[in-house]
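Once you scroll down, you'll see the structures, which are given as C-alpha cells.
The following pair of complexes shares a single chain, chain A, combined with chain B in the former and chain C in the latter.
Presenting the complex of A and B:
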C-alpha cells in the first residue's frame, strides 16, 4: 500500500511540475484596410480602420524612423480602428504598419506623413568658424536646417535665402536644400577687416543674426626706422626702433598686438634682440646705446609672415682717450677721468676692465669695475699678486691700454 | 603510571600549543579581513578600458563628401558615437528606461525618443532590437568640424515587439536613413534621423552548396585523447593530431567533426593564434584525406539579441579565415542548441540560429551549413535554412529506427546526418556495474544496422575513451563525468574495444 501511495504522490509531484502546453487556436480571420489614404500631413491626427471577417482582437504594430509602438484598438461600426498617437503623426517620413492577429502578421503596409508647411517654419542655423582672415582664401560655412512646426526637416529643394551684410554692402543668395536635412553655403571673407553679419530666411521665418569677425590677413613686408638723441656710443641713451604701419595685402592695418621682433647684428657679428607689439599697426622697441663705437644692422620680423629691409645704425665713440695712473708701486691703478664728447664726465656706470697677465702671457685674473664720477680704481693686492712683473690691460669705452709693470 | 603522566603532559602541551595556534590564526584572519577592501589604486580613478559591446558590421562608402575633407580620427569618433546612439536607443526601448539617450541625441531629438519610451512604458510595450549591418556614407562635413550629414543605406535590423511580455511580432527591417549629427560636449549627437526611400526587400544570399550531393559521411567526432574539449588550447600538439588523423584515415573514416569554442577563441576578437592552430589541423586533415566539419560557438549560451553583433563578428572572423581551406566540408553552427530552448526560450535561440546561418551564408556560399540538433525530433527546426540536417541520438537503440523514420518523413528534401551517437561502456559503482564493452557493442550494432540499411551519413562519438572530462562539459557530478569518459572506439590505452569491429571489420 505504501508503495502505491508513494507512487501516487510522486506522479502527482511530477505532473505538477510539468509545463502546461498552450494550445493556440489557429484562426482564419481576414482583414481589409478601410482607410484608403496613404499620404498624411504631419500634425494632423489620423487613424487606420480595418474590417474583420469575424470578431477578433488584432493589434497594429506601428513604426517610424524613431521607434516602434503598438496602437491601441478601438471598435466603431464593426470596424477595428487604430488611432495613431500624437508623437507618431507629428513626425514626417515613412511609417510602417503591420496588423497582427493571433501571433500572425495578417497585413502590412506603409504610409507617408508629409511635412506640414502651414504652421510656420523653424530655421536652425549654424555658422562657423566665427572668425576669419581677410581675403578670398578664407571662408566660414553657414549651415541652415529648416524644419516645420514639428521639427521635421523640410523637403529637398526648399528655398532658403542667406543674407550677408558687411560694411556698406549687403547681399542675398537663394539656396535650394539638398540631402533632406540641411543646406549650406560658404561665406567668403571680404578684403577688408571688420564684422560681418549673416542671417537666413525661409518661408517668412528669419533666423537670428550671426557675426563673424574678419581679422586682417597676414602682414606683408614693411619698413623700419629709428630715433635717438645723439649718435655717440655713450652706453647711456636709449635708441628707439619703429616700424611704419604694418598692413596686410589688402591694406588692412595688422591686428593689434602683432608681435614684432627686431634683430640687431653688430660689426662683431653679435646679435641683440628687442621686441614690441603693434598698436595701430606700429610697433616700437628700445635699446641702450653701446659704450663704444659700433655699427648696427637692424632687421624686424613678424614671425612666419613678414620682415623689413635691414637698416644701418652707426655709433661714434664718445670717449676718445683717457689716462691711467699707477700709484703705490703700481698696486693701485686709477683710470680716468673719462671724458665724453663735450668733455663732460661720462655718466656713472661705464664699465672698466683690467686683465692681469703674468710674464708667460697667461691671464691670471680679470678685474671689473664701473666708473664713478668719471673714474675707476683697481687695487692689486699682494695676497693675490705677489712681487713680480705683470702685464696689465685696461679696457673701457672700446679703448684698450696695455702696460707692463713690476709689482713690489 | 609514569607513562600516563608523560602522556598527560604531552597532551596538555600539545593542546596548549594548538589552542595558541588557533587563537593566532583567528586574530590574523580577522586582521587580514579588516585590511582587505577596495584596491588602493581605485582612489586614483584611473582610466579603465571599456570594451565595445555593440559591433554591427559597418562598411563606410568612401567618396568625396561636400564641405571639409574628413579626417580619419574624426570619422572613427563619428562611427563610435553613431553606433552608440543605436545601442542606447535599442537598450532604451528594451525596458523603456532612456538611459544614455541624452549623451547621443540632441535636445530636440531625445524628446522624440522619450515620447516613445513613455508611451511604450504606459502600454507595457518593449522592443528587442539590434542592427546588424550599416553602410554609412559621409555626405557633408562642415568647415568648423561640428556638423556632419551621412546617409546610412540598407541598415539591416532585427526587431521583436512585445506587449505585456508576450511576443507580438518579430521581423527583419531594412531601411535607408539620413542622419545629421552635431558635435556637442565632445559627443557626436544625432540631431535628425530621417528614413528615406523604401529600400528593396532583403536579398537573401542563396546557398550554392554543391559538394554534398554525393557525399556520404563516415565520420568521427574528434578530440585528442588528452585534451578533450580543449583541442586548440596550450597543449595543442600537431604530432598527436597527425597520428590520430592517420589512424582514422586508415580505419576508413572520411570526415571529422571538430569544435571551435566561442569564449576561449576570444569571442568578438578572435585569437589568431588559435585560428593558426585550426589551420594547421586542417592542413593535416587535407594531407591525410579527411574532411572537417567545424562546430562553431561551442559553449556559447547567451543568444540574446543584444549579443548578436558580437557573435556575428566572431563567426565572420572564423569563417573568413577558414572558408577557403580544402579540408572544410561543412559548417556546424552550434552543438545541440535545442537543449537551451527551455532556459533561453525557443524563439530566442531559433532567431539567433537563423541570423547566424544568414551571416555564415553571406561570407561563404559554397559550404554546407548545418546545426547539430540533439535529437531527431528537434532536427525539424529551420530545415529550410540548412543544407544538411544533422541530429544526435543517445536514447535506446531499438527506438532509433522509428524516431529516424519520423524525421525522414518530415525532412524529404535535405540530406540527413546522424552527427553524434555512441554508448558509454562505463562499468562501475555509479551505474551499479551495469555497463560493459559488450553492451556498447550491442547498442552500436543495433543502430548501425539501421544506419547501413538507410545508407545514412553518420559520425560516431568518439574515437577515444578520455582520461579526464572538464567540469564545463557535464558538470561536477562524478556519475556524469565517468560515463562521459567511456564512449570511445579505442580505450584509454588506445586498444580497440569490441565495438570497433562493428564499424571497421572490413579493414584489416
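Presenting the complex of A and C:
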C-alpha cells in the first residue's frame, strides 16, 4: 500500500517537473500602430489598434494617473485592438503605453487625454474656520477645486471667482488655476463683527453659500454703575452692579455671554465676588445689601483683557441700636425689637448670635437664631448652663453688646 | 467546610482560607446554599425517623403522643415560617429597581451611530444584562465578574459599576475613575435610573443630553472618540461555541427524559417495577439512642436561648425612645429613609412645631446631604446628660456620590413620660427680598446637524473647537502625592466644555502616569471665564501598573502613589468643545469674614435656578502672587433662589508644599501649542487683572487666596 502511494507521489512529482524542460521558441512578429490619433477627451471611449505580421497574442501595458494595467486582446484579421477600460479613459493626463509580445517590448508611445469641458464643471469648495475674530490678525482659508464631469482638475489658467459679502460690501476676486492643484485664498476678517458670506464660481457653475461668523475682538476697558432701592444696610435688598456696553477696539459689542467678574472690596479688606455674563454687551451682577454699615469699592474685570474704574458704594446702618432684655432669672435672653431706618421692624431673618463665655473667658457655646417680628430669643437651659456667672456676647446688625449675667 | 465558608465575613476563617482576592470576589452565600443541599439527606433521614421511624416510637414511648405532635408541629411551623419570610422579603425590602422599558434606550443607541461608543447603565439592577443582550452597543460594565473584558473590572472586587453606591466608598471610587477618564474606554453615554449619581456625573464634566420616554436620563461626555473600526477581540472556536450551546442544555433534557419515564410508569402503575437495587442495602432505622435525644433537647434549648437573647437585643436596640441613643439613632434612620412622619414623631411633642410645618421645612431643604446622601455611620457622644435631659453630638458620616461627608449635629434631648424626644431645631427665618423678579441671560443652542441625513455630519455644521489658554501650570508635591495644578481661560467667543488631561514624566522622559481633571475644576466656561484646576494622580492613572487598580480606593483617605521614579516633568493636553448647558453663574460670594484659622462667608443665589450643590474652588498664592495649590469644597446644603447659604472654610496649611516644575512649555490646547494661542489671541494680556482679584490672607505658607464658584443644579428649569 505504502509503495503504491510513494509511486503515485513520485510520478506526480516528475510530471510536475516535466514542463520546465520545454524549449521556448523565439518570435519575430512585427507590429505597427494603426491608430493615428494621439489626443483624446476624458470620458470618451477609445481603443488602440495595431497590425501584426503574423498571428500572436501580445499585451498592452497601459499606464496613467489611475495606475498601470495590462490589456489583453485576441488576434484577428492581421490586426490587434486594445480597448482602454473606463476608469482609465475617464482620467485626464498623459498616458504611456507599451506593446509587449513574448516578454519583449515591441513598441511604446504616449498619448494625451484632455479635460472634458462639454458636460459642465463641478466646483468643490471648502471654508474654514467657521468663526473669526474681528481685526487684521485673523483669516479664514477658502479652497476651491474646479473639475470636469469626470473629476479631472480643469486646465491651468482656468479662472475661478471667489466672492465675499460682508454687510454692505461685496467683493470679487478672480483667481487662475495653476499646476492643476486646488486654488485657495485667504479671507481676512474685517474690523466689524457680523456674518460673512463667501461663495465661488467657475464657468457656469456656482458654489453653495459659505458662512463664517466674525466675532468681536477682545474687550477694552469699560465703566460700571450700580442700582439699588435705598442706601440702608438692611441685609434684605438686592443691589445690582451693571457695566455699560462693553466694546472691543473696533467698537463692536463684546461677544454674547462674556463673563465679567465684579470684585467688591469691603472695609475689612475682604474681596467679595459676583459675576455676570454680557447680554448685548451689558453684564449685570446682583448682591444682597450688607447687614451693617459698610463701604464697598467695586471693580469689574474681563480677566486679561479689560477692567473698569473702581466705584464706591456706601451703606448706612439701618439698625442703630437695640435692646437686650433678660427674663426668668436671666435664662431667657430677648434681643430686640430691631428697628430699621424708619423705625419699622427689620424684615424677618436678621441673624443674631449669642456666644456664652464662662468666667475664664472660654467660649462654652455659640447660639444662633434669626429675627422673627424684629425679635430674637435665646433660652439658656439650666441643664446645660448650671448656676454661675457668664459673659454673654450678642451680635446682630454689626452691633456687638457684651453683658455679664448671673444665672440662677 | 461549606458551613465554614458560608459564614462569610462574620468569622475571619473564610478570609484566611481563601485569601484576599478570592474572598472579595466570591459571593460566599453560595457556600451556605451548597451546605444546606449537602445537609438535605441527613435532614431527610431525620424527618423520616421523626415521622414514621424509630425516633417517633421512642419519643412517644417516653414522653407521650401529644409531645411528639407538638414537637413535630413546631419544627414544621418553624420551617414554613422561614420559607414564607424568605420568599416575601423581596416584597418588603425590594433589592431591585422597578421594571424599566428598554425600547427607548435601544432606540437611542441605534440612532445616529450612538452605538459607536460604549455606554454605562446606572441604577438598573439585574436589568442591565437584559439591555446588554438587546443592543449591539457595548458597555463598560459587566454582569458576571470573571467574564468581563476590561481589566479594570476583572481585577477588583467590585461587583458592578451599575450599583456602585451599594458598594460604599470602594464602589463610588471605581465609578469615579471611569467617569473621569471616559476617553480611555470610549465611554460617551450614561443611562441614569438613579438620581443619586447625578452630582458626580456633573462634577466629572458630564452633561445631561435628554430624558427618554421611560424616564431614564441620558448623560453624555464631550470629546470622547468613538471605537476604532477594528476591535481586538479574542474569539473562541466555533466548535467550542456549539459545544457550550448544546451540551449543558442537552444534559438537562436527557436527564429529564430518562427520569420522567420512571415517574410516569410509577404514577400510572403501567407495569410492575422491579425492586430497586438500592433496596438491598436498606438500613433498618431502629434503636435511636436515647442519650442522643437528650443531647438534642439540650442543644435545642441552647439554640432557643441564643435566639431569644438575640431577639431581646434586637428589641432593646430598636425600641426607639427607650434611651437617648436610641432616639437619636431612630431619628437619623428615619431621615435616611426619608420617613419624615416617623422622624417627626421623635420630636418633642410640647414644642410648637406642627407636622405640617415640619414637612414644609423638610420640603424646602435641598443639597447634597438631603437629596443625595446615604447615612454610613453615626456616632453619638454625650456632652451633658442627666435623668431627664441630654445634649448630644451626633457625628454622622454620609456616603455621597462625590465624597464621604462627616458632619456633626448637636441635639438637645428631653425625657417625657418615660420616652426620650429630640428638641426640634430652629429654622432660618430669612425672607427673600423680592416676590417676583426678572432675570435676563444669554443662552446657547447647538443644532448638532442641520440637515436630516444619515450621512456624517456636514463639514459646515462642525463647529470650531473653542480655544482655551493655559495661564499657569505647575507640578507640585503636597502631602506626599503629586498633582498638576494650574489655571485656564476660555479665550474664545463661545462657551466651552473643558477636558484637561495631564501626564507625568521622569527625567528620562519616561511616561509615569496619565489622568484627567476630576472635580477640582470648572468644566463649563463662559467666554473669558477662568478656572483653576488640579489633576490628582489616582491608582488608575499609573502606567506602571498598566490597567490594574489597587484593591481598595478611598476618595478621602487618598493614598499617595509611590512612584518608582520621581516625576519631574509634565504634559498638559486641554480640549475645548462648544457647551450650551450648565452655564449658571448667578451665585455670588459675600459676607466674607476672616477669623483666626477660619473663613466664613455666605453664598447668595441671585438667579432663577435652585443650586443643589454649590462648590467652592479655592486657590492659594504666595507673596508674589504665584499659584501654589488648589483645593475645593462642596457645601452640604443647596442655595435656594434669592437666599443665602453660610459656609465655613478652614484654609490648608501649605508649609510643606514643593513645586517641582513650573512651565507652560508642554501645554497644548486642541492639539496646538499653548504659546501660539497666547501670541495670537491674547498678545496684550494684562496680568494685573488676575492678580488684583486675589484676596490677601496671611496663612500658613501662603499670602493670597482666590475663591471661585461652581454650581450643580439638580433640576434645571
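Everything below uses one rule, namely that the second predicted complex is superposed on the first by the 357 of 408 C-alpha atoms of A that agree within 3 Å, B and C clash if a C-alpha of one lies under 4 Å from a C-alpha of the other, contacts with A are read in each partner's own complex, and residues count from 1 in each chain.
The working rule: a residue touches a chain if its C-beta (ideal position, glycine included) is under 8 Å from a C-beta of that chain, and two chains touch if they have at least 3 such contacts.
Quantities reported herein were computed from a predicted structural model and do not represent experimental measurements.
In the superposed model, A:296 makes contact with neither chain B nor chain C.
In the superposition on chain A, A:103 makes contact with chain B only, not with chain C. Taking chain B and chain C in turn and counting the residues of chain A each one touches, the greater count comes from C.
Judged by the touch definition given at the top, the superposed model places A:273 against chain C, while chain B stays out of reach.
Of the two partner chains, both chain B and chain C are touched by A:126. Residues common to the contacts of chain A with chain B and with chain C across the two structures: 126, 128-129. On chain A, the positions that touch chain C within their shared complex are 126-131, 133, 137-138, 210-211, 215-216, 218-219, 236-238, 255-259, 261, 263-264, 266, 268-279, 284-288, 290-291, 299, 301-305, 307, 347-349, 369-372, 381, 383-384.
Per the touch definition, chain B reaches chain A in the complex via residues 66-68, 89, 93, 108, 112-113, 115-117, 119-120, 123, 125, 127, 129, 139-140, 142-144, 146-147, 149, 151, 159, 161, 163, 167-169, 171, 173, 175, 177-178, 180, 182, 191-196, 198.
The touching residues of chain C, counted against chain A in their complex, run 383-384, 386, 389, 391, 412, 426, 428-431, 433-434, 437, 440-442, 444, 459-460, 462-464, 471, 489, 491, 493-495, 525-530, 583, 585-586, 588-594, 604, 606, 642, 644, 680-682, 685-687, 689-690, 692-696, 707, 709. Taken together, the chain A residues at the contact with chain B in this complex read 59, 61, 63-70, 72, 85-87, 91, 93-94, 96, 98, 100, 103, 105, 110, 126, 128-129, 139-141, 143, 145, 151, 153, 179-182, 184, 186.
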